[in-house]
Amino acid sequence: MSQYQVKAGPEAFLAPAAASMGIVLPDPGEAHIEGRIVPEEEAYEYAARKFLEAKVPTIFPGPLVLWKWNENAAAKAAAIRKLAEAIPARLIPMADYRPKYPKIEPAVEINPNHPNLTIWYNKIDVCIFVGVHCHQANLALKIIRGGTDCYTMAMCAQAGHEDACLSFRDATVEKIQKLQEAVEKLKKQGVKSQAIPFEQFKTACTGQVA
Amino acid sequence: MNKQVESPKGRIIKSRHVKLGTKNKKGQTFTDVNEMFFEAERTASFLTGSEVIREAIKRASVGMSIAYPITPQSEAAALIGELYAEGYLDDYFRGESEFAVMSQCAGAAFGGMRVFTTTAGPGTLRAMENFSMWAGSRLPIQVCVTMRGVNSPLSIQPDTLELSYLLESGMLLWHAETAQDLYDFILKGFIVAEQPDVHLPIAVCCDGFFVTHTKDTVELTPEDLCLTPYDPYKSPVPCMDMECPPIRMMRDPFVMKSNYISYSTHASWQQEVRAAIERSRKHTAALIGGLIDVENNDRDILIVSSGTAVSQGREAIRLLEEEGIKVGLVKIKTIRPFPHEEVREAVKNAKHIFVPEFNMAGWLAREIKSVINDNDRVICGPQVAGGMTLPSEVIVEEIKKYLGIKVGSLAGRGS
Amino acid sequence: MLKRMNIRISGLGGQGAVTAAHILAMAANKDGRFSISNPFFGAEKRMAPAESYVRIGMEKIYDRGELVYPDVIMVFHPQVITQQKSYTAPFYSGIKENGLVIINTSVDLLSEEDHQRLADLNVAVFNCDATKLAMEIGGTELSTNMAMIGACAGVTRIVTLEALDKALQDRFGKKYVASGGTATLDEAIKKKYAKKEMLLKKNMDTIIKSYELATAWADEVQPAMAGAGV
Amino acid sequence: MSKEKIQLCDDLSDIMPPEYQDLVATATFGNEERGWKDIGSSKELIEQHSLCAGCPESIAFRYILSSIPSPEDTVFVGSTGCTSLVFPHVAVQNIHSLFGNQNAVASGLHRALKCRFPDRNKDVIVLAGDGATVDIGLDCTMQSWFRGEKFTTICFDNELYANTGGQESGLMQKGFVSKMAPVGKQFDKVRLPEIAREAGCKYVAMLTVSKPNRVEKAIKNAVYIARELGPTYVQLYTPCILEIGKQSMEGLDEMKDAESIGGRFVMKEYITDDAKELLADMEAEKKAKKKAAKAGK
């Protein structure tokens, strides 16, 4: 068995891919926490607790849930918004994957080519990726683990991400809702959000409006 | 660093494809790969390797295939053309060179189709730039490489040297021993290569002529069952059909400081391709029954090889057995990912490890040496090349010589 | 029978050496034995050396590729010997002890030295005028390979006539995938006969006649390979 | 993708970068009448590019992207070079792939899209420099024309290898002294438009990008003809001001000089008879539609 653990960084000048360190992705019904395969239920609670303990919990929605390219995407977007409100967590979009010219605005966006800039700028300590194409998510996750101390999670619609510290697989609207329920359950049990108070930014065609 | 992956259920994760159970335009039923390979009844047929490629593709729900003639793959490529004429493929044409063909395959895969092509020898080398591009672009194209000589002077004969050129291309590399392997590997190769967590090109390699032009018994799955079609929207990168986000998408841009991003993106990208190869272990082990096959590995002497050299090794083991010399066998099925742990474990008690190969580089012996301890146990050979056959008698001679047993000369061809 | 019989066929491009190997192997397969056949791997050329191999056995066969140590060698054309149009020289190199050589010829083509070497290995030589038989019965020299198949089967009994008949049906009766040169010859022989049934019958007749002549020869000479395939 | 599909999810649209909100609100997706005059509002274009200041390629990009008839159903295939620095900023999908294989990639791509979307016009457009089109990729370029592949090839002809630093290319004029042509180029500028015509292109145009209406017309012709009939080729002079020693402001003058009488880039156009017929039919249809619309009012 692999001794490697997928912990928050900063890990190395160039952190290894977790798969190359022997970490294997979960099967359906499972998730992984730091490389350890666990029943999905366990991961919901663990993720919820991580969010509530965080100072700057953040959700990074990707193109697959930002664009209304099918009805499922719209439903997922709605669930993500509710999850963000329940925690409460910041929403920072990963609108696309291009090398953006001349620079990104780290306060309001994240880019897979240098996701660390957004993590550093906002002092994000716990985040979750959702709706990002797997290849691009893995690039971002490795770079974040390499250079930041952010605890990364992934709500993946496919087979999951071993490069995240915690990953779900086969994500659906229901699974996003379940994570929200796990957060609410912990709150009911008296676990309080440690998030630093913040205002979710808002944008329009003309620029940032709030 | 790579752990040996075992699938707990001995099956690959069942397909959730919406088309399961429905029929295609040729009346074949889209079938989960587990059902196709572990439940459906098989029929024995006596076929050449080229015909086996056709039979596999007939059941593979391939969208497009692009062909270019080069011995010894021409027959297979032409037979796939016949399948197209019969309506099993959506498109098929002859490209102008292997470089172009592999680019055309890339285009079709960018466009969301399941793509299959074949090449060999110098064709593989001419196409080479594309293979790394396929891997970096995460295109799950399958190329069947019917290996032959690549070096000058020209040789069209079997030789496995070209596989060593593919080792670091980022593709999955499977090496078929027999026509049966070839059939199974082609069909199962699509399934593994297209897993969302893998999604890499795959080269299913076989030894040209030894497999392609030899008539052998092959157990085929039912003709009326076919694989579920490829779903481009499960891809880990956006399909280039302007039907999925993000709209502003370049596949695959320069990733370097001159366009304002860190080199670490490029490094991570390369890591990700290698990681995807690693992820294929789980699916591969479930589908092809482990990355290696092992017979009697408790013996002092082992033959460890891949492809036709395994077959020759099996015959040699029989001949040696008649003389009371007991030899075990390890057959390596996947070259990428390389079964590090499996090989290390399988040979841990061996005193002598013989690696017969059909090439002068001895690349397989080198791979094996790099993963086991006490690697002076490895005897690189016997090696032949350029189309020479590797008679089992020659492997026997090598082993006996090494054991200090007197052998008659096999040189001069017995005359 | 022998656990394994390895047959090497040396001929010239266009004589059907590859087809003969396929038919023998297919017939063995139909007899319920294990078999593998393959051609030698050269660029196709009419009248250039062409070689093919058949391996037939009682257990699964892994060995493939060029056959270096055969039990039986068939020479389809005198030029294999006289012009050294063979991949291995002399043409009988590698023959195993107690082996068999079948040569398509009406006259003795071997030198004193050849005879001596083969005799030392107890290898029998059967001169079979296959082309003549093919002309007489099949009506075309394209059936030479059939006569050679018959000769091999007649001496060794490695395959039955029934199985050969079935293999012929498979090869010429159905759609068959042949590579360039072979496909062209297939067309030529099909044109030769008005009907497919005729083609099948004439070829089978050639095999049978040759089989009978070979059996008679074997009974008389009693080579080590006689009936070895039973 | 239909214009309806290019929408943001309601629940997350208020956090999207402004350029995307702008894109969805004001882009000219789905408007077949779009043209160079929409440059101000058609947000599917670049908002910022990463070419040299004043580079005529950036002008060419703007004209082309505003002229393609259905950007929502178009995929570009590029090649290595300066153009691939622009493509990440374009709201139309595009593929980089290798250097010189662009027409081969496009062959596979447009066939795949034809198979997957048989009832839709999915336009594939190749856009590459002269090195990629004429030198390293000439085989792929011409073979796609021989095969009659139905897509448009656009060549940005700057008469040298700009991205690698100004080396001799096949489209460079004879005698020009450059890197790798230390005593001047020894052979004539390759006559690719004529070759294209002979190789089976249904429509060929060669021009500069000094006049937007001309570029628009050529691009539209090329795309429409490629959809219906076969390969089309447009060669645009986009001088590399850096490598020919011009200032940022001098690109336009350079192009105007080149297209004046006796210049290398006097506009050329070849149209096959069936393509002419197609264009005439389309024109007639358009007129009839306008008339009907007027009558309807």
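To keep things simple, chains are lettered A, B, C and D as they appear, and every chain counts its residues starting from 1.
The criterion applied here is as follows: a contact is a pair of C-beta atoms (placed from the backbone, for glycine too) under 8 Å apart; a residue touches a chain by one contact, two chains touch by 3 or more.
What you are looking at is a predicted structure, and each value in this text was computed from that prediction instead of being measured.
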Closest chain to global C-alpha mean, per-chain Cα centroids: B
Which pair, A-B or B-C, has more C-beta contacts? A-B
Can you work out the whole-Å distance between the CA centroids of subunit B and subunit C? 35
Please tell me the distance, in whole Å, between the geometric centres of subunit C and subunit D computed from their C-alpha atoms. 63
Subunit A and subunit D, separation of their C-alpha mean positions in angstrom: 39
Mark out which residues of subunit A touch at least two other chains, giving numbers and ranges. 66-67, 69, 95, 98-102
Residues of subunit D that touch at least two other chains are 1, 5-6, 50, 88-89
Touching two or more other chains - residues of subunit C: none
State which pairs of chains touch, listing all of them. A-B, A-D, B-C, B-D
For the complex, which residues does subunit B have touching subunit A? 1-3, 5, 8, 13, 138, 195-197, 199, 234-238, 243-250, 253-255, 259-262, 264-265, 267-269, 271-272, 274-276, 278-279, 281-282
Mind listing the subunit D positions that touch subunit A in their complex? 1, 5-18, 20-22, 25-26, 48-50, 88-89
List the residues on subunit B that touch subunit C in their complex, please. 46, 48, 50-51, 54, 71-72, 74-75, 79, 156-158, 178, 208-211, 213-217, 308, 310-312, 314-315, 387-393, 412-415
In the complex formed with subunit B, which residues of subunit A make contact? 1-2, 14, 16-22, 24-25, 27-28, 63-64, 66-67, 69, 95-103, 111-114, 133-136, 138-139, 142-143, 146-147, 158-160, 162-163
Seen from subunit D, its contact residues with subunit B in the complex are 1, 5-6, 23, 50, 72-75, 77, 80, 84-85, 87-98, 101, 104-117, 122, 139-140, 143, 147
